[in-house]
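The two complexes that follow have subunit A in common; it is paired with subunit B in the first and with subunit C in the second.
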Partner chain A sequence: MSVEQRDPHSGYLTTGHEWNGITELNTPVPRPVYVFLILTVVFSVVYWVLMPAWPLGSSFTKGLLGADDRAALARSIQQATATRSAWTDQIAGKSFAEIEADPRLMADVRRAGHTLFGDNCSVCHGRDARGGKGFPNLTTSSWLWGGSPEAIAETIRVGINAPHADSRVSQMPAFGRDGILKRDEMENVVAYVLSLSKPPALGDKVAAERITAGKAVFAANCVACHGAEAKGNPELGAPDLTDAHWIHGNDENSIYADVWGGLKGQMPGWEGRLTPIERKILVLYLIDLRSKRP
Partner chain B sequence: MIGQLTRTERQIALVILICVAAFGLAIAAAGKDDPIGAHGWLIMVLCIFGVFGVISGYFAPEPSEERLDSYYDEPSRVGIVLSMAWAALGLFVGDWVAWLMVDPALTFDAAWASYGRLRPVHTTAVIFGFGGNALIATSFYVMQRTSRARLPDQLSPLFVLLGYNLFCLLAVSGYLLGITQSKEYAEPEWYADLWLVIVWVTYFVVYLRTLARRKEPHIYVANWYYMAFILVVAMLHIVNNLSVPVSFGSAKSYSLFSGVQDAMTQWWYGHNAVAFFLTAGFLGMLYYFLPKRAGRPLFSYRLSIISFWGITFLYMWAGSHHLHYTALPQWVQTLGMTFSVMLLVPSWASAANALLTLNGAWHRVRDDATLRFMMVAAVFYGLSTFEGSFMAIRPVNALSHYTDWTVGHVHAGALGWVAMITFGSIYAIVPWLWKRERMHSDRLVEVHFWLALAGTIIYVIAMWNSGIIQGLMWRTYSTSGTLAYSFVDSLIAMKPYYIARAIGGLLFLIGGLVGCYNIWMTIRTAPRGVSEPSIAIPEAPLAVIPGRPGAAPQSAE
Partner chain C sequence: MFGFHYKLERKAISFTLAIIFVASIGGLVEIAPLFTIQQTVEEAPDMRVYTPLELAGRNIYVREGCYACHSQMIRTLRDEVERYGPYSLAVESKYDHPMLWGSKRTGPDLARVGGKYSDDWHLAHMINPRDLVPQSIMPDYARLLRTQLRTDDLGRHLKAMRAVGVPYTDEMIANAAADAKGQATPDDPAAEGVTKRYGEATNVRAFDGRPDQLTEMDAMIAYLQILGRLTDAAYKTAAAPGR
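Right, the complex of A and B next:
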């Protein structure tokens, strides 16, 4: 039973069906719908003819333009590399000192280094390279493994306590946990170490006694790595304990925790991930950063 | 709920519950050293509660034979309530995740509260919890009315609804426990997936059985869409989740696909989930509730045919546009892109059909926030389908892919289209289902509307900005020929937009909570009355004069 009725508003007939009060008009499809439908189909067909589009068993239609994503990518990488080689070749060929003396090359280093450092190093060392607790500040003159360009380059290449075959290896024993030192010995040595960078108030007899006792503990246990003067040893990655730079904090509790539990910092080696030129740019970027901040 | 079941159905319900409880116990025992064990216990405990529920109503008098002359709306009522509960949860977690992008410390150092676990809780709760329950609830309602046929029995629709919610619960609690198969929008593991297959096939059978009993000779458009939704989602779900579990006692499984085939299967699923879950299902809602609420005949039957077959045929090809410029062969990308472009016209035809239906009823759009929800939904549907086709074009995608533009696009669709049409339909259906004269407060519907619209617009504009800035920053080269910005630089540039997005989300969440309150108060306290012709199944089609439908409810007038 279908009864078409005329809609007084639009003037069109209904289809004659009705569902719980809903009816439908038999309005013809507006012309623009067909026009745009045909336009999009024509666009698609043209695109299929020009570009790789339809599968043919083990192959596919290649398209008249011969477009090939992989080839296009290879080409554009080649072009970009060629453009960059104007300055990257000089980075590769010149020594650190020569590059540092060339302001135009250093401008390239700053631009490229900013992104390289931001994408690879800033997770640990911070965007400004100032580090944080447990992560060294790279803008100072204090470097665990040496601050010469060559030493920095090697650290970046092999990493610290990393899986790399030539990795720099270093570990501070856990004097407390492994029972090497007693609690008072550790407290004394902490007092001594602290006194090297922060001399105690004059006349504090208790402190003076602890420092003297601590010095003996230090001489017996710590000098092998940190040196008799406690100036550290970049060959072993042992930090200078007399300067103002502290990776793991310079309050009594932090130093005690380090002595008690030991330390074994880690940094990945970047040889497999960054090219030699990229690593060299990073070294120069850090030296440049350091030179700007006293 | 139990009172509506026949004695036999109560017995079957008990058998099902006991079987599933035993299954839960088996999982709990086999997986006692695995996260799956917790799910075994959860399944068992819920089923035992269910058993007690059935027993407590077991000796209630059986429903009379007269019930068969009226529609069966109990599953729809339960579904609407569950839908709003999931909305509250999903929107809350969504806004939490948005603030997490502003301040990463908001995870409180807890594994369960990490971004990777909360984010799927948000997506699953809103898409499957809120959207899915609303689809099931309205589909049962619409199917019965437009077929003039009662659901085939009392138990299977309830099984579908509650079984589906068990799936959602397993999904969401699983993420918090760290259970996921890491496929976007298909995160639940094998056992939850298998359960959903059982539930979904039952859903399909319920639908076909109702359709087979219909008294209307023609099948209304809304049902085409609901059917496409149910059928295709079953197909997508089964294929994308083909996997081999490590063991019966392990939550972990390995996908049947690997590499680029896995990616293609996943995005064939992912895009068609957008197409057939988030589009086809909700178009079913639109095609019923919008003309009904507007009291207007549908603008064009012919146009709806073009839209339906266009969408159904073309969407299937479009998934590969999620994988432009990847390891996927270029010819597959070409097909994905061109079919996405062709898809625009049928999509716009649906939006136009909805908006042109409102001709002659624009004064109602002005006065009735419920109808306005549906109107705005149609506008956002048109907007986001245009944007989708545009973003599928390869050079455009090169800029937009992996940026917040995608997030903005998804939310233009999810907030502007899916949630708006759902809220509009729920505000229409609640007085009908609970036999109230009208909603508790029309003013609160109005408040909800403006909160939702403002929230969506703030959200989408913030993400357009941040997405395009991100995309441009990632492709800007310095004069040295190297990338000008690191990723962290782009992240810092995003921060103001992330704050704006979280505020937009907060407005949307508040709107949703206002809606929950209003619906609750309608159920509890609104005056009883008839806003829809009785639930009795009419012997003959309702006599309706087009343009002046006596049958259309007009609670706002």
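Right, the complex of A and C next:
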């Protein structure tokens, strides 16, 4: 084993091992490998000096460059805020009407609003803001809590039935589950509510009777929130039942289910998650979406 | 040049010991000091523990492999902070055993998803993600709504967590099953015990919309709604914009 044998052909030492007459050369490690090894050692020494590296008990060497991810992030956020302030300052300072009249600011609103809406609102209200079952369409003129820019801004700030202290609060009672109305009363009131947006076929006597009976039930139970005309009340978040916009479906079964089990829609409040400017951009973005629709 | 090495190579035990010694230097220098360096884990006096229901939800999260597609770690990068909120702090996963930071985002990061969407949304989204997000490729988890939550072993889960350093009290462990039920049943007398033991800010709701049943969906949504909300520490860092 330890006998030094030299391979006569190549001139190198062998390892001394032999397998069926085959021996293995003990070729020295190539020089470039040593060069790279030395370079990496030099690199790491330089790196230790420049960057945070060695632990020292309860602290560590901070490095000459002062590299700190958190500080770098704070700087980059500060820079971005400064860059954006060219137009965000104007949005913060101007009224909704003034910004709407300024096409250049509105272009910024559309760009930033698209991203903000996509990150925060689109999972419920849809990428195109047209909502879905259970989540309102935001591109119509029908707004539960009022469609003025101020009302929308407030809804975004505090949310609906949200944990926020000033949250908008609204609940439709469960007329069926809690035994307030009987089954036929609920069926009649559903027929009446449906007739407000979809008038029944002329001469349908049964339907007409149900609608008349339902109107009485409506007057006794529903007008407090939805109003005598069923036009809703944005103060209470009660929807207009006479228009074509339905959050929870406009077929008989859906409306019956709503009357039976009640409704308590929820929207989170965004104060604390979004800055005042971000919320203002979202309001303007929604107003802009709405105005583009005939 | 290799004389010393040749000698070492021929002594199997010494060579093994030498390898172990050299390989452990890196670990000793890089990992061991994390336990002594003060700023590794931030101070967060308002940090609270997971309730039994949230812990059950966390176990379901692990069981279903949610971490394979969703990370729970907002890095110190501007695009992440602007999209998801303040970057994650170590203290926020102080009571996570195991941590679920993840390394793959097929879906979005969930570190700050708590309170971002309504319970109704989570419920509808779990039943069929495509109903709400048409382009979603997330599997549906409607079966969680059909499965009753197992609560008899929750006390032992809390005990296991205590063994690895989560400060659950004996009272919390003894009432684990009742607290799980109470947190998802606001009208139940047990609900009071939950806020008493875990704080007034605890979400006590019928998470799955059915106060009469305690399903795995309750646990899952309760867990999702607490993500990023166990402490406000992250909102006090430089990454929290003027909010």
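The rule is short, and it goes like this: the second predicted complex is superposed on the first by the 261 of 294 C-alpha atoms of A that agree within 3 Å, B and C clash if a C-alpha of one lies under 4 Å from a C-alpha of the other, contacts with A are read in each partner's own complex, and residues count from 1 in each chain.
Throughout what follows, a residue touches a chain if its C-beta (ideal position, glycine included) is under 8 Å from a C-beta of that chain, and two chains touch if they have at least 3 such contacts.
As the structure is a prediction and not an experimental result, all values here were calculated from the model.
Asks: With both complexes overlaid on chain A, does A:69 touch subunit B (first), subunit C (second), both or neither?
Replies: Touch status of A:69: both partners.
Asks: Report the partner of subunit A that touches more of its residues: subunit B or subunit C.
Replies: In the superposed model, B touches more residues of subunit A.
Asks: One more residue to check, A:266. First (subunit B), second (subunit C), both or neither?
Replies: In the superposition, A:266 touches subunit C alone.
Asks: Output check: A:119 vs subunit B and subunit C. Expected answer is one of first, second, both, neither. What do you get?
Replies: Both partners.
Asks: Kindly classify A:60 by the partners it touches after superposition: subunit B alone (first), subunit C alone (second), both, or neither?
Replies: A:60 sits against subunit B and subunit C alike.
Asks: Would you check which partner chain A:80 touches, where first means subunit B only, second means subunit C only, and both and neither mean what they say?
Replies: both
Asks: One more residue to check, A:275. First (subunit B), second (subunit C), both or neither?
Replies: Once the two structures are laid over each other on A, A:275 reaches subunit C alone.
Asks: Answer with first, second, both or neither: which of subunit B and subunit C does A:133 touch in the superposed model?
Replies: Only subunit C; A:133 stays clear of subunit B.
Asks: What residues on subunit A does subunit C touch that subunit B touches too?
Replies: 54-55, 60, 69, 80, 119, 122
Asks: Within their complex, state which residues of subunit A touch subunit B.
Replies: 1, 5-10, 14-15, 17-30, 33, 36-37, 40-41, 43-44, 47-48, 51-55, 60-61, 67-69, 80, 83-84, 87, 107-108, 111-112, 114-119, 122, 127
Asks: Flag every residue of subunit A that touches subunit C in the complex, lowest number first.
Replies: Subunit A reaches subunit C through residues 54-55, 57-60, 69-74, 76-77, 80-81, 119-120, 122-124, 126, 132-135, 163, 265-268, 271-275.
Asks: Please name which positions on subunit B make contact with subunit A in the complex.
Replies: Checking each residue of subunit B against subunit A gives 145-146, 148, 216-218, 220-221, 288, 291-292, 296-304, 306, 310, 325, 329-331, 334-335, 337-339, 341-342, 344-346, 348-349, 352, 359-360, 478-489, 533, 540-542, 544-549, 551-552.
Asks: So in the complex, which bits of subunit C are touching subunit A?
Replies: 29, 32-33, 36-38, 76-78, 81-83, 85, 87, 115-121, 124-125, 131-133, 235, 237-239, 241-243
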